[in-house]
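Two complexes follow with chain A in common, the first pairing it with chain B and the second with chain C.
And then the complex of A and B:
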């Protein structure tokens, strides 16, 4: 995705947006705005993973137009807020690498299950590659989903006994019920 | 060995210890002596040898004046791997029959120092340096030779030892004392001048009163306003009041009367330090302490005067109109920020003609009420209208 397609909200060009506000009410609004901006951005760019240490490389956190960057500590605190609603999760202890779910894992899983049931694919086995990269899913939202995230989504489905993951080394597949 | 004599190991004036070694044996020429396993101390003036612990206790020990040493030689260590090191000291002829000596006669012109455990410091180097500098020769030829004293009389200035340090301290103290005296002389001069100034202004004001008719009304008013900013006619002083409380009350009233007009002019608020300066400048002679000003100002609110003290969260204290409250300040500041798009403390201070501290406080107040928001970048702290709160999110 090229950067030009992204429509930035007005806040993105408002310098105070990049400073964490001390006034409680203002900060709440600010964090809220950041949360939706991050999810929107990730959705448009199909970005599943954010490394906080390299955040300044992402235009989302670095507006070179007004020369403002969001600090790493602030990014982490906003991502932690997103974690509370299931829209993000750190995948390492120091909280440097974050998976972003612009749909929560539950939303993703129902989306995938809907797709499977619409196509009558229950009972058959699909490879993870088919599910995320195959030609059939080109128009689905989960097309090109990152493998690690996909596995997590399917694992939530597995808990509801709607599928079973087959995770051998060579062929990683899933059987839907 | 006959150059050694019994001495007390108490250091003389200007003498200082250079190095000290343990487990040293003395040789008279090539012959071992009974003096073994002792402590050896090399000072600027002497070499001292004593039984372990004797020197520290100040007991009698052996002493050899450094000026008798002609030449130092280090004996090369033997073929075996031994730590023992020997130093040869060639000595000058010396006869002092009165001295109390361990051996009155010796056939050798040199002695040896045998360090059974080697030495921990560069003994040879230290000794050689000591001989070069010839510390013992005179007090004056100390290492400070390079800057000769300006006075004809050579000043004895020593940097070594505790005495030297103490002397240095004393000199510094003296210099401080002198400069303090000079400084206070100036201050008393200023006080007496101020007295004259106040008297002068009083004279002028009475003269004006006397011949009111001669000058125009306008001029009188102008002149009076000059005088007013120059001084307070009859300053409230502590002496004239019995209790502190009464004193502070009167002082509060005086400050109020004096500063009210000015504070109204500059937007209803001045920093307490500014107030302090203005008050004292006006009083001229009877200066008051910051503490008195603070105490007096704190009473103002209680006494329902038109001014009051206000402390910002940052600790900055201001004197402001009682009618002024934080919310209206925040409101007014927010309007200014909005008009200008964004403001820094410096810009606001220029716009309003107030101090930067005050401007910062105003902006922070506005922020506290959610009327503005900050942009903290390398370019500094800048405040914007709080669109984050007022505009829709997306």
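And then the complex of A and C:
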């Protein structure tokens, strides 16, 4: 991922921001700020997966400029907050690896379905590769979407009977309706 | 994915043709990935050859360029194969659409047949016959009910009708004829005036 031109909010250079605040009201604001910062950051870097154990490698949680890091437990609690609004989900039991959805799965799914209807692709079969990596989707926001996330997005569409996933060992595709 | 698909799904709408298209498209994806890879090695090979030339290792640079050339040819070949795959998958998709069209025509045809079957020609003839009979009967009834008119009455009615028509007709020519012909031949106008009073007499009789 490239660290190109991320506009950090003022809090990012504010040392207490990296420590969970004891005062409830302040803490609520702090968590809120972290939530939007995480989503913004992931959106800019097209980051779909955060491993909490390696979080200190990401500049987001580690501001070397002011020598501050966010504690892993705090990260998990903030990510859990994001989970409530459908913007994140842990993919393992110990809650170490998290998928981040800067658009919720529903938002993604309507985005993809819009793309499909605009191109008249209903009734045709697409591979997951061409949907996330193909030349036709280069300008779409879901370009280079992680396959696991893509599958989840398509599964939400599948519930609405708007598509059907074809997932076997060597076939990975989706048919839209 | 087994956990999510554990529950019974409604009948799959994915046909065998869809799967075939998917496989073709996956093959196409693989070719595209292959092309990307070759394009990358081409670029690095070129850089490497430049470096080797700078170092004075002309032979190795030449070898590298040969390899590059070969890979470029491979790239061309994969392009052709890609085209083949694309055409084939498009053909399958189009054939599916054609199938749908035929299916639609069939359904339309069936519907038309059903509607037509509901209309029986004999029935229509029978209905028309019955209507005609009913009309005749109706005429008969009304004849009976209002049939008080005798032959004389009929004639009287017709005469009255003729009179009304005549009364209306002469209005137009009478003024013109009177002005012009009264000077030239007064006899004719007199004959006309004599004729008019005769008619009401005939009516009264």
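FYI, the second predicted complex is superposed on the first by the 175 of 177 C-alpha atoms of A that agree within 3 Å, B and C clash if a C-alpha of one lies under 4 Å from a C-alpha of the other, contacts with A are read in each partner's own complex, and residues count from 1 in each chain.
Following the convention adopted for this analysis, a residue touches a chain if its C-beta (ideal position, glycine included) is under 8 Å from a C-beta of that chain, and two chains touch if they have at least 3 such contacts.
Just so we're clear, the structure is a prediction, and the values are computed from it rather than from any experiment.
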Pick one for A:25: touches chain B only (first), chain C only (second), both, or neither. first
Have a look at where A:68 lands relative to chain B and chain C in the superposition and call it first, second, both or neither. first
Identify the partner contact of A:14: answer first if only chain B is touched, second if only chain C is, both if each is, neither if none is. first
Looking at chain A, which of its residues have contacts with both chain B and chain C? none
Which chain C residues qualify as touching chain A in the complex? 1, 4, 12-14, 18-19, 21-23, 25-26, 29, 32-33, 93
Which positions of chain B touch chain A when the two form their complex? 342, 367-368, 370, 373-377, 382, 384, 386-389, 391, 393-394
The answer for chain A against chain B in the complex is residues 9-11, 14-19, 21-23, 25-26, 29-30, 32-33, 36-37, 67-68
Would you tell me which residues of chain A are touching chain C in their complex? 124-127, 129-130, 133-135, 151, 155, 164-167, 170-173, 175, 177
